[in-house]
Structure formats: C-alpha cells, structure tokens
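Input: structures, listed below.
Same chain, two partners: chain A is paired with chain B first, then with chain C.
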Partner chain A sequence: MAFSATLTVDSGIAKITMSGQLDASMTPVFQREIENAQTQQAKRLVLLMSDLDYIASAGLRALVFAKQKMGRAVDIYVVGAQQQVLDTIQMTGFDRSVITIETYDAEVIENI
Partner chain B sequence: MKPSTVPATLDSLGTIADYVMAAAASAGLDRRASYRLRLAVDEIATNIIVHGYANAGHQGVLELRADIDDRTLTIAIDDTGVTCDPRQAPIPDINLPLDQRPIGGLGMYLAMCNVDEFVYEHVGDRNRTIFKMYLPPTALEEEKT
Partner chain C sequence: MERIDIHPTHTYGEFKLRAGRPLPFGATRVEGGINFSISSRHASSCTLVLFKKRQSEPMAEIPFPDEFRIGNVFAMVVFGLGYENIEYGFRMDGPYNPQEGHRFDPAKILLDPYAKVIGGRDLWRVQPDWNDIYQHRGRMVFDDFHWESDRPLEIPIEDMIIYEMHVRGFTRHPSSGVKHPGTFAGIREKIPYLKELGINCIELMPIFEFDEFENSRTHPATGELLLNYWGYSQVGFFAPKAGYAATGKFSMQVDELKALIQDLHNNGIEVFLDVVFNHTAEGNENGPTISFRGIDNQSYYMLTPEGYYYNFSGTGNTLNCNNPMVRNMVLDCLRYWAAEYHIDGFRFDLASILGRDPWGAPLSNPPLLENLAFDPILAKCKLIAEAWDAGGLYQVGSFPSYGRWAEWNGKYRDTVRKFLKGDMGQVGEMAQRIQGSPDLYWWRGPSASINFITAHDGFTLADLVSYNQKHNEANGENNNDGSNDNDSWNCGWEGPTDDPEINALRCRQIKNAVAFLMVSQGVPMIVMGDEIGRTQQGNNNAYCHDNELSWMDWTLLKSNADLFRFFKNCIAFRKAHAVLRNRTHLRNQDYVGSGYPDISWHGVRAWQPDWSGASRILAFMLCGAHANGGQHQDNYIYVALNMHWETHLFELPELPQRMQWHVFANTIMPPPEDIWKPGSEPWLEDQQQFLVGSRSAVILVGK
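Let's look at the complex of A and B:
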C-alpha cells in the first residue's frame, strides 16, 4: 500500500505531489508534509493528485488541519484529482473550501 | 471467497483493501462501485482498529467474509472491540467551511453513503458490520453465460 508525498516550496507556493493510496496508515506521511509547508509560511497549498489512486477520510482530515493551521487566507488547490477521489471530496463538501482544477494553471495559482 | 483474519492494526488496511477489491472483481462490480465499497470498508475498519481496539487498550483481530450471490456482494467484518454503532454517529455538517469543521465524523458518513445497504449488529461479545452492494445486471448476465 504505497503512498508518497513530496513537498517543494517556491515563492510562497507549496506544492505536494501525492501518489498511491492514502489510507489512515499513511496519513502521517501526508500530515508531515503539510506541517513542513506551514512552517515555511506558504501562501498557497497546491496538492498535485493525478497519481493519487485513493483517499480516505483520514487524508481529508489532514486538509482540515491544514486550513485551520495555515489560516483562512491560504488557498488550497486540488489539481488533477481522479474521478473517485474527486467524488469523495465532493461528497464531504470539501469542494466548497478548496479550489479543484483539472490541470496546473501557473497564471492563476502563482498570481499572488 | 475464503474468509480472512487480520490483526487489528492500521498496517492491515492494505490487506483489507486487497480482500475487498478481489471480492469486488469476483462479483463483477465496476471500478466506481468497487472503489465505493473499498472506501466504506476501509473507513469502518479504521474506526474499529483505532476506537474499538487501540484507544481502548485492546488487541484483537478483524474477521472478513465475502459472500456473492446472484444479486448482491456482501462483505462482513466481525470484531470484539469496544462496541460502537456507526449508525449512532452524528452526521457531519458538510456545508461548514474547512476552518470551522470539527475533526472527525466523516469516516462513518462516507461508509454509510457509499454502499447500497449498511447493517450493524451486536451479538454476544461481537460487533458485526455488513456492507452490501447490488450487482449490476450486466454482471448477472455474464455469470449466466
């Protein structure tokens, strides 16, 4: 059950590239990268999800932490999520608090 | 399918997912329905492991069983952890923005929303959670040929 999350921060934009299966056993890996993004005072959090095959509620809870810790002003972008992952995000109403887009749009995301 | 018994630890979630996905493939569920079933079982298994066993200081196992008939795929999880009826969990307010959300409650909600039937029983010292997915007509037709 492999999951990986890789963080890069550039010009205040934190990008986490996610891949594999994010169940409760793997959530600490994701949580750690979110906390790293927070300590680097990112102004935007971009989650690149095209290779993420599965997300459980434990992974979504990490987003609640992210929003509460990083503050309301930090926009969270969900980029390229697969349909089933997107279904879960929509079913829980998270799509009203994060910005879901199909592909990475530098003009929108990097325009701080 | 042959029943399977796994330790009640988060490391078992991968094995549980494999078991559910194999049952879904045997039953002919499509990709979306398979994902929904896996999500429901994963959420409840996580809850049993964390709240039924670990947080209560108990150790134990989860017993998985899959039954397929001509209409339904049924997955059952038996455990002897602390009793927790998922149907009694408060329904989360999915309209709240993330920064105002309480932590928790989503797993039970997702589990119950994603299967066609959700049953919880407590018999003796055992909890039994049952998930049912109705099989699509195409799967039935393929089985008959």
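Let's look at the complex of A and C:
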C-alpha cells in the first residue's frame, strides 16, 4: 500500500496521519510534512501511526529529524504504532526523542 | 542567494562527479552527494563499485579519474546517491606478484577498511549466499544519534570492577527471559542485573564486524555446526557486528549499540571493547580476499621475504601495525569508537604484536603504542594490553606503557590458581599479587595490573575447581586445542559429582577465589557467569560453540543464589573500602603515624608470616589510616588465607584502641553466615584469635 501522510494543524497541535509503507523513497514526503508543521509553529507534533504497516530505518531517522526540526520545547507523540515499530524505536534509543502512547489522549496531548 | 560550495565538474554515465577530499577516509556524506576516499600505496587504479542494497549485481562502476588521485589517495564525490539504500566497494588494479607482497586482483570487489556499517551478515547465523560476488558490503552510517549529555564516565581505573562478556552468550540462552536474546538490546534489558551484582564496567568480547561462518564446520561425531563464535577475527574495524543487533535487519546496529552504551552510562557502567588489531579475517595466502589483501597487501600485512604471511597471531596473518599507514588506521579507528560511541576503554588482544616492527622484531619504543598513549581523543580512555602474542613475545610487567597502559596480569592468574589449589612455594609471590604486583609494576602503580583468575580464554571458575584436564572434544580437534597449563584442581573427582563434600569444597574454592580477587590491589576482572557458577563442561576453549556450552544459563541464578550473593557482597565490600583500591603501591611502612604499616603480614601468629616453601598460609592487615596514601580514613581489614587442608588457629593482630574486629566473610561457613552485607558485619566474640577452616578465607573488618 502506498504511503501517505496528511497534516492538520489545530490550536497549535500538528497531527500527521500516516498510512501504508514508509520506505526510504517515501521519507522525503514525511519530512516535508514535518517541515510544514514546523512552519506553522506547532507546539505539539502528533504522529498517528496505527495505519502504518511498515517503517524503514530512514523513516525512523525522520523522527530524529523531527525532534531537531521542531526544537526541544515541542513534544512529539507517536500514537498507536505497531509493536515492531515500537520495539525498534526503543532498541535504537529513538524513544528519547519521542513519547510513545497507544491511543490518542486529548487530555495529555492538548493540555498545552 | 544560496552559495554553491560544491558542484559537479565531471560526469560518468548518469553520475555527476567531482574530485573528492582525501580526508576523512571512507564514505562521508557531503552536500548533495557522498565523498569516497581510499588509499593504496601500490595500486595503479581504483574503481568505485556501487550496489543497490542487497542486490547481487552492481548498479554502477565508476573509475576514479586520474586527476582525482592525490598522492596515494583516490578521492571522489558522487552526487545524487540515495545514501540510505546503497552499498559500495572498490576494485583495485596493480601488480600481482606475491613474492614482492602484491596481490592485486581487479576481479575482486573490496570492502572499504573505513566502512562504518558492513552488510552481508545482517542476521546472526543465517547462511549467506556463498555465490555473492561481494560478501561484506560497505554501507553508509548516520551520525544523528541523540546522546543528550552523555560522555564517557571516566571512573578512576583503581575503582573499576570489570565484567568480561560475550554479547550473544550473555542473553542468548532461553532462560534469559529477554525480548531479543543474544543482542545489544538484550544486554540493555539486563542492566538491573549488572547493577545488582555491582560491577561498573562491561568489557565486550569483539563486536567489530566478523564472519561467524569463517572456518565454520560440522563436528564429525556430533553433527554440531561449529562457528567463529568468539569473533576474534575482524572483517572491518569501524563497524559493529550487525548480527549482534536485534535491529541489524534494518541496518540500525549503530543506533542499538549507542542506545545500550548510553543506558549503561546512565547506570554508572562503563563499556570497554576487546579490540583485535593483530590480524584480520583474511587468513593466509589461502584465505579469502575481503579488503586489505586486495587494497594494499604489502602495506597491511607483515610478510616474509618470500611474500608469505608472518603468523604471530596464530591465525594465519599479522596486521602490519607499525607501518605508518596502518598505524594511522588503528588510531583513526580507536578515535572513532571513543568519540562516536563514547567507549570508555579498550583491551587489546595479543597486544605485543602492536609492538613489533614490520619484520616482526620487538621495538623498544613502538610508535603505535606511544601514539595511543598520548592521543588527545583517547586521553581518558583506559588502555589495557594482553601483553603477549602467539609468536612467543611475553611482556607481562614489561609492556611499553608510557605511564598509560595497564595489562592483563597473567601472572596474577597463574599464582592465584596455584595458591588456591594448595601448591607449595606460592606464598611469597602471592604477597606480590595481593599488593597489585609491585614486582612487575613498581613504577606504574597497582592499577596497571588487571587482576583476573578466569577470562573467556580458559576454564570458567566453576570448571577451574571441577576439572584437572581440559575437555575440548566438542571442538572437533581431538582435544589438541586450548591450553594445557590450567593450574586447575577438580577437588577429588573429574567433572560433575553428587558427592556433597566435593561440591561443598568446590563452592568454597570459588568463594575463596573471588575473595582473593576483591581484596587484591589492582583492578579486578571477572568473566560473565562465574558469579552464578557457569560451566563449559571442562571445555577451556569454547571459541566455536554457539550453543548452551557457551551461553549463560540464567537458571543458575536461582540454583546458585548463594554464590551470586557472595559475589555481590564481595564487590560491594571492595567498593566500600578505599583501602582496597589504592592508586599507588603500598609501602609496607607506617607513613601517617597510625602505629601500623599500610600493609602488614601475618601467619598463624600475628606479625609472623610464614614465607617458607611449604607454607600454604598467608594473612595480612590493611591499615585504614593509610587508605589512598593516607588521604582517606577507612576501616582496618584483616584477611586470613588458609589453603592448607587442615584447620588452623590464627592469632589476630591487635587493633588500635576502641576498634573491634567484625566478621565480613568466612568461606567455610554455610550460607548465610559465609558473608555479610558490608556495614552489617557481626562483632567477633574472640578478638584474639580466629579458627580458619581448611582451604578457606576469612575477612575481618576492624572498626
């Protein structure tokens, strides 16, 4: 399934809904949305990954890119990632750049 | 307007190129492309070979234009390469004249010696495609790991307690209970265990990329697949072993290893690497051409006048470490690991080879060892030599140290083993070993001595007290491999037994050994699993066993819980007492006015040690007022070692007023009275004498 990433920004919260397979060739698409979120001065970045079937290492690296791009003050949430993706995020230490949660929790995320 | 600092000047087919930068060597991302740089003193031409990841045929071969060569370095920028998905290698042309040392073969695709990620063996023990024309493939590395505020811990070396470990063996056993057995991630899950044990450093057996299938074979009798499990044979020096990472399949081994190191550092544990610069995986003239042989054989290897390979390593070839170009590569490599991976120290396998000249003669002032000792990036790294080689050079006590190098003290191991099994004539030398071997390291201090009784190479501690002879039949070499000089004693029966007395004695001997280790000046090292009685069933050279013979069986933690507790408390005791961790040698004098020498020697009568050849008894007292040269006030510590088969009554030296003896450890006592938690030692009723059981050790604290 082709990769897609859709950005919405509302009240300072940027959400990127991701689906399909994020391989190396599609990583620039993902990065572009991260840059767009940054341009709109989002205070939170939420990556909705429950429909993401596969993520290559390049896609994971984009999480580090996201942290660098958004700055330390902006929390990045990875929501609903599949177990294999979560494992990889943890084993490679990328979990230090993002907050992983199972489901979208408006009380936590939107409490700016 | 955006500046354009780097732009293509040449084209080759669809590729845009320009002359590259010679430094740094290897493949480096630059604006818009990748800079490839490789040197060869004797090559006449070089071609860059590019593959799409895991593809069998190259996607492109780009010869380096002559004008892209500076000196002996071929350097080129290729623009527009998707660095995530490419693999690269080189073809080198030049003379093929083995007698002159040249073995160029442009038919071979060669791995970059500076490759930071190496593909081809991404998953441990998964058979590769042997028809692949390029077995070990250079890949690009990413250096975007988020280290936060981490850096090497710089724990003073005298405070270190080293735990030698095989990455896979530590958690591969099904009983480990970790999510990703046998990997860097697996070790990370076991950090709480390491913290509970109390060690503050893990020394990883080789983790540079190697080929576990090198010389692999099937045991003729058992059918067991025998592998290069230990990994003392490097394919490349800059890349971590992909098969040791759960994320190796995603080429993310670099990140997984860094995450482990960062987590260990956060928990106060340093990371040392066992590095093997004495030889490579290419073997002798019959071995595979992977990299060095095809790039510049004459420079990289020590060669006989006839062009064959010197074999000071015992493995077929010897890296020419004091060739200036190779020396620089070693230095670059260690700097890379220290800076990029925050490695805290290095242990050099067969380090004496690093002190030989290109023709094999030992150098009095080896430039490589000096370079490493004074390098600014490595300045705080611990450097530890295995101060011998397979060519007969034995330099324990005389390794060129430049005030920086410590040594695996093989004499400590040998003396302690002999004393432990009750050999005569050991007491005098044992006194030296307990003091940090001032006879060997008198001007370097006790921390030059890495004290160990067991290491990966040889018996485990449980086997040291269970076998008189090695039992290496499972290695398929007719029991001819492995050392015959083990100084081991089986306590009355060869191998496992139901005899409770023998088993009790073995357990006591293990406790005696760790007690010796933890009260000796110098830096103690234990090997993975000794703390829970790990056995290799008498195999003292399990280099080829990727199976339960080598893996740490975590069920032993339950069955040998008392042993673990003993180790844990011994380690805690050492950490609690500065008087055991002096930076400078003891003087056998009172130089602070305490009325006691810093160390005093005793026998069954206080102040009367028995140095005679028949003696198997030694006692000593450390004066707490002399801790760390008198800078700290510590308790007094008295240690009685009775390796005689009879019980002896030891007269105790008198303590200063208002101090009393307390019992920390007495190895003849059944648990839990064999050892106490430091600080909770019970008061000793009889302050004048102590009955020390046969073959046992007693440690008292005066406070």
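Note that the second predicted complex is superposed on the first by the 111 of 112 C-alpha atoms of A that agree within 3 Å, B and C clash if a C-alpha of one lies under 4 Å from a C-alpha of the other, contacts with A are read in each partner's own complex, and residues count from 1 in each chain.
Here, contacts are C-beta pairs under 8 Å (C-beta built on N, C-alpha and C of every residue); 3 or more make two chains touch, one makes a residue touch a chain.
Values in this document were obtained by computation on a predicted structure and should not be read as measured data.
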Chain A as common anchor, with chain B and chain C clashing or fitting: clash
Which partner, chain B or chain C, touches more chain A residues: B
First (chain B), second (chain C), both or neither touched by A:Tyr54: first
A:Tyr104 touches, of chain B and chain C: first, second, both or neither? neither
First (chain B), second (chain C), both or neither touched by A:Gln21: first
Partner chain in contact with A:Thr88 - chain B first, chain C second, else both or neither: both
Shared contact residues on chain A - chain B and chain C: 24-25, 56-58, 60-61, 64-65, 67-68, 87-88, 91-94, 96-97
Chain C partner contacts - residues on chain A that touch it in the complex: 24-25, 27, 56-58, 60-61, 64-65, 67-68, 87-88, 91-94, 96-97
In the complex, chain C residues that touch chain A: 82, 84-85, 142, 144-146, 148, 179-180, 184-185, 188, 245-247, 250-252, 255-256, 258-259, 262-263
Chain A-facing residues of chain B, complex: 10-11, 13-14, 17, 31-32, 35-36, 38-39, 42-43, 46, 49-50, 92, 94-99, 101, 103-104, 106-107, 109-110, 113-114
In the complex with chain B, residue positions of chain A that touch it: 1, 21, 23-25, 54, 56-58, 60-61, 63-65, 67-68, 71-72, 76, 83-84, 87-88, 91-94, 96-98
